[in-house]
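Shared between the two complexes below is chain A, which has chain B as its partner in the first and chain C in the second.
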Partner chain A sequence: MANHSPEAAKTVEPLKVAKKSSILYSQKVAPYFFVLPFILSFLIFFAYPVLSAINMSFQEVLPGQVKYIGLSNYRGLWNPTFLKAITNSSKYTLFSLLILIPIPLLLAVFLNSKMMVAKNFFRSTLFIPALTSVVVAGTIFRLTFGELEGSLMNTIITSFGFEKQRWLGKEHLAMFTLVTLAAWRWIGINLLYFMAGLQNIPKELYESAEIDGASKWHKFSWITIPLLKPITIYVFTISIYGGYSMFTESYMLWNGNRSPNDIGLTIVGYLYRNGLEQNNLGLGSAVGIALLVLTFIITIGQLKLFGMFKKEE
Partner chain B sequence: MKKQLLVMLSLLVMLTMALSACSSDNKTEKDGGSGSKKTKLELWTFNELHQTFYEDMAKRWNTANPDKQIELVANTFPYDDMHNKLLVALQSGKGAPDLADIELNKFPNFLKGDPQLLPLNDVIDPEINNLVKSRLDIYAKDGNYYGIDFHVGAAVIYYNKEILDKAGVNADDIKTWADFETAGKKVHEKTGVPMTTIESADLWSLWPQVAQAPGNDDLQTADGKINITSPIVANPLKWQQGLIKQGIAIATPGGNHHSEEYYGLMNSGGSASVWMPMWYMGRFTDYMPDLKGKIIIKPMPAWKVGDPRSAGMGGTGTAVTKTSKNPDLAKAFLAFAKISKEGNIAIWKQLGFDPLRSDVWTDPALKESNKFTEYFGENIFDVLTEVKSEIEGVIINENTPNISDSFRTSILVRTLLDNEDVDKVLKEAAAQLSK
Partner chain C sequence: MKTTEKHKWSMNTVLLLLLFIVFAVFALFPLVTLLIASFKPAQELMRFGLNLRISPDIFSFKNYTYLFTGNSLYLTWYKNSLVITAIFTVLCLFFSSMVGYGLAVYQFRFRNFIFALVLITMMVPIEIIILPLYKLSINLNLINSIWGVILPFAAAPLPIFFFRQYASCLPKDFLDAARVDGTTEFGTFFRIMMPLMAPAFSSMAILQALFAWNNFLWPLIVLRTTEQLTIPIGLATLLTPYGNNFDMLISGAVVAIVPILLVFLFFQKYFIEGMTAGGVKG
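Let's turn to the complex of A and B:
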């Protein structure tokens, strides 16, 4: 070190800098670097668990005694309880779609209109439920829809002269409660998506339509709805996934994973019951893979139906 | 503007420093405060009352063993959460506590495969002759005991004497379930209150009635075959269905006798009786304070005069995990808390459980007054000694979680709430269970 002349050091320095900056500013490396966090988290938290679940679905997983048992986990899925879980999840998804697409869309149109009063008030009140925790909301709904005479819902319906109901004990009422909870919680979020979509529609379109003498309804059905299609598809897709993966709501409403006659059992609830509660992680993994395949098929079908795979004209 | 930001930032830094200083201070205090070094033992339970008991026993242990001090960190989680967390922790080999309470219905899950719990034979064997052995067998696999229970769990019946008196019914005249039905009719007619409540989401109403039938079978046969279509299961269920149809009984609000809805109903005199195990006393004292002095404890009615009047129900096996860093100390503490004479007396005094050691049942300490004698009267233990030889056992094995799930989610709901035909429902359930 001592032998080096100051000049030599000077000539080395710019070279080093050049080398460093060539990596730092390399246009080839930069994109990979920027997507690295996503790729890493995808591989660690998504790809690896999925692959290991596929692997586990062919195993009997017990501490210290893991062995391959072929397809028998999948054969074990063919039973009335799992079919019930699929039916419940499908019904729940269907009903929540029927409510959570049109209503937020309409509300968004109202809240976006110039005539609406107290817009900000409604915007925030409709969004607040989305901020509550499902655990808290579920507990409150459980008490609201309690079977005793004093529960809120029973007080309301008996004051109209109806009989008191076992809200969480009868199949249709239970589904009604689940969908109500979903509607209460998610309307605000979907509303937000639709409002964002609405604000992206150019005003000129409406103005020119007005000049051509279009009525309010025509403007809504020929401008608003078609131009909201990308947002609608997005909301549709996440709602399908959300519907099929629903678990916490049912878990909280029945204070555990056991609803009478399994009226609130969802696919994930079945996974939880077998995988965790009965220590059968192999079967649990098989349920998970079945759920993945099911939602995959439905989503692809739905996207195809909306023409998402067609080339843009 | 800049200045303000600077002030805010420096305040934040100071706060962080102060807080971190705080936490490290605490640590040193805990480690060195009491002079000798304490070993930390972590315990998970699903019942607050259990936690209080263990904490008290830890204090006693520290006084008795100044050279082996422990610092017990006990946590109470909700029932399902705790068992699931523990299963996952044991499966992955990380994060499990040293000691854990595992409820009887869940225990077989933990014995699957290579149990991740430590055999407790070395602490049980020296005392085995003093303990009720059938209560150890339910936590055993291949000759190893993996859990120690709190209690025998003898099922008894609790009557609300005030309501019975109003109807002119004497509890001592009720010897059989048929007597119970007749008395119930009278109570219902005179007071308008149902005689009892029957669980539709749990097994505490049905299982004791099944287990008290003479013979060794209950929901399963003694050799582990599913037995739910047999008359010893079907008849009690039909009897319960009949009671509900006549209005003598109602389905338990909230589905089971541990729900807030039920506590509220019972506490306000909404039902005249309930049959639950002895350990249910703690729920009366803690959650139904208004019934103090009104509840009397009697042996359960029998199916026929002379038949057994009780059954050992439920239980919580406390286990030491394989991942424990101080397994010997954990075992020693567990034995001290749940097998020792002192521990067994404390179990009665604090928790109101009928303890596992039969030699303490006659101990004068059990006659001393405590919150249970204040609530229920002096002669609680007489009931237990009366039925001592009539406490029937239950069969617990790897099928148990599945069978009890079937009852809790389907069979009881369909028969008791939806009024379906008992034999048909049981047959369908049995077909699905034996798959």
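Let's turn to the complex of A and C:
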């Protein structure tokens, strides 16, 4: 970035300056200069940490001394707590996919239809929860789903004649709360993705289908769904990543990662607990690598399922 | 025939409207309860939880006056959040527009390779590298400093991707004209191409500022002393196993949303473009 000095001289004698500092004018050198911030950041803050995580996962890291212990950390992962964390993260991902793909997709189609009014208003309103931080959202949900009789959820269900519940104290209800929180924050975002996808579908397709006498359902299932496939795959992929790396939601609902019987413990929560709270960097790194492998396998599997690799060379 | 058609239409419109009203209520309701709670004393919350009860005798601005005048650290956190968000957004946009532009405009040997690296970093959740990144930050003396929060994510892959897509659609004539005029390659980028990318900058500025403002996990690890915390981390520290400071938490949460909500109301278009940036090409 120390190239401002020749700029002043440039107007006086362009040619001479061009020769003197030809490096500033070289189209061969310039691209490397432009990508330099990424290269540096990639090497220092990505490649090195990834390699270091792989390395540490085979080590016992104690203050002042580091010792290779082979696969012990990975063997140490085979314990009920980590399996519970994997189960929780998987359930959370699965349930959020079941809600956060079909509902926003349908809402997007409805919002795009000629029959709908006040489209922009609803698009913006549904998006507002996405502006809140997980900390704010978590605070609201933790109080809404509180175990007190007067908390909002308990008021609602007792008015329908049900018993009040300890929402954050029971396994299924805890999962329900987490998924509701995810739905609240993400419906508006995924809606935007699907709407962007709908904009890319040529109108002529629908018009010619209408001429052929296709019903609304046929248009939806033969044109909309297949042509939304790329955006659906994208939303699917980011949802899987988001689901498996969920941590803050559970951190906020249960005072810093401490849920009863670990009903809210996630994979990243387990990593945080072992790696940072108990300072066991070796085991924590092994959790990280396990998460990487897991999300990678699931993503590849998912893309295979959608036939991603067949169609596009 | 025509009347029945019209009637059916309006019926569907009403049904759709009802459906969307349900979802809009679902979206706004929690925020409204938060707003109501922020005017109530915490004892009320501890006793009854979050609810819609509004009674004038318990309503007060006490929680808010405590935030701004009491000996709380809220204003310090707010200032930290503003500083980090501003520096992060400026650096991130500068770096990522540079890289994205470089990848879009020039033909060079490692271009595809570097772009592949950008995509790979996009595909790896950062949670995986937080432990080694934490260790590295200790060694680089970045712990408990705003630079520790900012630097590791300043050259972010998503905006690079977005700027690359945007820059590859820019007209090349300007570029050639500038070169003929004897402007340096970087000068061309800075003075001619950057202004042309203004819409991309708006979208990414909003997206990255929102990210920085709400970011949680990494600042939680890097920032160690209470004076250094950002709003989300500061608010989270109010919840402890020994008791929760709901007075400050609820009103603090409300005040934290205000700037984002304002930006959102005025720049919705850029918000929406920024948010859907990753999915444009599918």
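Here, the second predicted complex is superposed on the first by the 270 of 313 C-alpha atoms of A that agree within 3 Å, B and C clash if a C-alpha of one lies under 4 Å from a C-alpha of the other, contacts with A are read in each partner's own complex, and residues count from 1 in each chain.
As a working rule, contacts are C-beta pairs under 8 Å (C-beta built on N, C-alpha and C of every residue); 3 or more make two chains touch, one makes a residue touch a chain.
Since we're looking at a predicted model, the values are computed, not measured.
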Task: With the two complexes superposed on chain A, say which partner A:35 touches: chain B (first), chain C (second), both, or neither.
output: second
Message: Can you tell me whether chain B or chain C touches more residues on chain A?
response: C
- request: Quick one: classify A:79 as touching chain B (first), chain C (second), both or neither.
  value: first
Message: According to the stated criteria, A:276 is in contact with first (chain B), second (chain C), both, or neither; which is it?
response: both
- prompt: Which partner does A:124 reach: the first (chain B), the second (chain C), both, or neither?
  reply: second
Partner chain in contact with A:261 - chain B first, chain C second, else both or neither: first
Query: Who does A:63 touch here: chain B (first), chain C (second), both, or neither?
result: first
Query: Regarding the shared-chain residue A:169, is it in contact with chain B (first), chain C (second), both, or neither?
result: first
Query: Where does A:207 make contact in the superposed view: on chain B (first), on chain C (second), on both, or on neither?
result: neither
Message: If we overlay the two complexes on their shared chain A, which of chain B and chain C does A:135 touch? Say first, second, both or neither.
response: second
Task: Once the two structures are superposed, pull the chain A residues common to the chain B and chain C interfaces.
output: 146, 148, 255-256, 258, 276, 281
Touching residues on chain C, where the partner in the complex is chain A: 9, 12-13, 16-17, 19-20, 23-24, 26-28, 30-31, 33-34, 37, 45, 47-52, 95-96, 98-99, 101-103, 105-106, 108, 111, 114, 117-118, 121, 123-136, 151-155, 160, 179, 181-187, 189, 210, 213-214, 216-217, 221, 231-233, 235-236, 239-241, 244, 249-250, 253, 256-257, 260-261, 264, 268, 271-272, 275-276, 278-280, 282
Field: chain C contact footprint on chain A (complex, rising order)
entry: 3, 6-7, 10, 14-15, 17-18, 21, 24-28, 30-35, 37-42, 44-46, 48-50, 52-53, 56, 107, 110-111, 113, 115-118, 122-137, 139-141, 143-144, 146, 148-152, 154-155, 184, 187-189, 192-193, 196-197, 230-231, 233-235, 238, 241, 244-245, 247-248, 251-252, 255-256, 258, 268, 271, 275-276, 281, 284-285, 288-289, 291-292, 295, 299
- prompt: Touching chain A in the complex: which residues of chain B?
  reply: 79-80, 83-84, 87-88, 90-91, 93, 106, 109-110, 112-116, 200-201, 253-255, 259, 261, 264-265, 401-402, 405, 408-410, 413-414, 417-418, 432, 435
Complex contact set, residues of chain A against chain B: 61-65, 79-81, 146-148, 166, 169, 255-262, 265, 272-273, 276-279, 281
